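To start, I am sharing the structure in question, which I have written as structure tokens.
By written order: A, B, C and D. Residues from 1 in each chain.
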């Protein structure tokens, strides 16, 4: 469960988010929309403890975002699957190595890792790009590889930051469908997007952030 | 778990191969630094030997008073032999002196003069094995106090200078080695930091994925260990070669006959120390790098 | 003018484009759409001579994409402004330094560079982010910085690869408007996008690429 | 255009500051390598001087036949003086020899024997300034051919050995310097390559923007030049210090009196050479890097 209580944060060079109040229950699927530069990525970074709030209380899966230690941060992140807006794939490793990394971190045995990678590559439709390096993938393929890396460890929370930016409408639709399927198994999901038409009419809660302040739509 | 360990060790190895340039340079630097310190160790090990060589060459000539009997001279020489710092004392009787003079100057003084003008004397050799410096003045004074001695001749200043300067140098060795080890650490730290910078992306990813500190740091430490092992493999033949080459030069270009030796035990201990330093400084550097962004 | 005659190209690891025939006249504004992984970026890379066709003839502004030398390639590229799908901003320079780089390459005097950078930053709405580094920008802001760098040298050809992927609908709309304004001054523009609803009904030619083959829509 | 040039020079400077680690290491490596070659140059410059010192100490004693007159001896000595490789030849008459003997052995042979047994002799010093090796055997033979000579005494083997080994060493200097310069080039190439790799993104961007080769390469060449200048600034005091330190050691620890000197002209030429090599190899490495992807 994620809980923002009066969270404010500002970057050294100004701007950020102010007085966020938000409660995401376990197993929920929420969307986050807002114009460019409004603070969506900032909000997500707060959740995975990459930024520490200036004031207010933030609790993620029972951990407070305060007095962070390396081990506390790493414990929280082990539970989160992240699709970064800029993918953050490792350029010197192929798709297989990129996607298997979280499983090595979690200490899975090798044979199991192999099966899991295959499985998640199939889910995102990259089964025949396993040995491509990131710069040998199209923009949309990189984005899907990033998704595969996020879901492979079956995390209890998925943060997807603009995961359809480089996908065509069909692929975007399928991606949301995939996330919905994953959500049905109990995974909490928060997805930031600009594509309002993609998410409207699904009956899922949509939060809107504008100039750093949040409201439910 | 085993798969995880294998993975980390392989990562360490791959790190080296992925950044051949950095690895090569760090290998090179580490080798230079290890080589230099090893040479200091060798020098230190061998100064003692060189000193022994000099002491062995150094002779004190003692001339007894003219009227002394051979018997008394013998007893005086055995007294001299007991003085601390003296290795041997050999009596040279009047007849011996005559023969030696004839050998050296090709002139039979007895025939020329009709009598033997040469006095009874003794040649005193200094102890080679004394670890503390030898105090020549003290020894001369002790010899003189034996009695019935006309004069004592010794080449004097050279060995005194060497002994004095050796002691001075010896006092500075700890500073020198300390300084070199500091440079060593700086080099390793710098290398690891370069290696870290070139893998910023990976480290950042690992942090975001929630990898533990151990998981992130182990490959770097393994990398450090491997590089130091490689430099040992590289430096050892170089060390042997240098020592042999030096001995060859000394043998061929100087009248100096001592040979220096490589003491593998101290070198091994030193290698072990380098290893420990590498592991510690890899760990410290890498973990300080992790702290930049919590 | 850009002319593709029976152009085929395939990557070492397979896939690419086959038998492309395309003619873009000077001063035209064309769109390129197609599902993810269909070859849009590949087509653009062929135009700026980053890839060399396996067969066929490709002519860009009078230069043939054949027997490329460094100086030939650089001459062609000097005339092209590119908005890359992955932005390609330099992470160790701030926005000002990133955007001014093409002008230094072209040998502009310093005072002129300063004015121009200000101007183009205003056009894309980043005037107060001049001293931010790329990782201090939101995704959409990075994308707009990349656009500013493309237009600053007033090139005769602009290639924009998915320039609205991280922009909200309003910003996307404004971006296309901006490109239209630039096009009116005689600049040829080719823009690849997934956002069909953004470009339809503008009366501009739309090419569609699918599995490496092209057709006009 | 001027703004472009200023920009490129500043870029070169910023390159160094942006990658402090790499710059530091390349500075360090280059300094070591420049230092080593400079020391070889100094050694080469000074071997001649050392040889002169040895030649200066080296004496040949010529003993004339017993019945020779002082006048004839004088004329023979002046003949000896003209032999190539001979610096001075000093006649020692029978009376002089007597005096010297008395000084050395404290024994007046004339009083003892009633006659002077010592022969007329001459002390011959060797030329110090001959650049080619001195051929002792040849000189001895020439001296003997002057006539009326009983025997010629010389310390023999040492200087012969030194001259021989110096010639042997001298023949190998070109290989040694060549080898060191090769290592130098390798180091510079590796450094530039590291620097290029760490600026892959920038280079790629510049290529895509349509920058000319010169525009891309100039900052790297400026970087190379700056780093070599910095290493000159770093190495020069080190060189002076080493030479002075060596002289101090020689003065204090040996009976050897020659002092070595630093010849700044050859060092300057060498620095210039390093600069040229740096510029060329920076250019080559950087432009080969550009070719990887056309």
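One rule holds for everything that comes next: a residue touches a chain if its C-beta (ideal position, glycine included) is under 8 Å from a C-beta of that chain, and two chains touch if they have at least 3 such contacts.
Since this is a predicted model, take the numbers as computed values, not measurements.
J.: Which whole number of Å gives the spacing of the CA centres of chain A and chain B?
T.: Centre-to-centre distance between chain A and chain B: 62 Å.
J.: Let me have the rounded angstrom distance from the C-alpha centre of chain B over to the C-alpha centre of chain D, please.
T.: Chain centres of chain B and chain D, defined by C-alpha means, are spaced 27 Å apart.
J.: Between chain A and chain D, what is the gap in Å from one C-alpha centre to the other?
T.: Here the centre of chain D sits 68 Å away from the centre of chain A.
J.: What's the contact topology between the chains, one of line, ring, star, complete, other?
T.: Shape of the chain contacts: a ring, since each chain touches exactly two and the loop closes.
J.: Let me make sure I understand the interfaces: which chain pairs count as touching?
T.: Chain pairs that touch: A-B, A-C, B-D, C-D.
J.: Which positions of chain D touch chain C when the two form their complex?
T.: Its residues touching chain C are 1-4, 6-7, 18, 201-202, 204-213, 215, 290, 293-294.
J.: Given the complex with chain C, which residues does chain A contribute to the contact?
T.: Residue list for chain A touching chain C: 11, 13, 34-37, 40-41, 85-86, 131-132, 136, 138-141, 144, 161-162, 165-172, 194, 196-197.
J.: Under the stated contact criterion, what part of chain B meets chain D in this complex?
T.: The touching residues are 21-22, 24-25, 28-29, 32, 112-113, 158, 161-162, 165, 190-191, 193-194, 197-198, 252-253, 255.
J.: Under the stated contact criterion, what part of chain A meets chain B in this complex?
T.: My answer: residues 48, 50, 52, 68, 70-71, 73-80, 82, 84, 88, 90-92, 101-102, 104-105, 107-110, 113.
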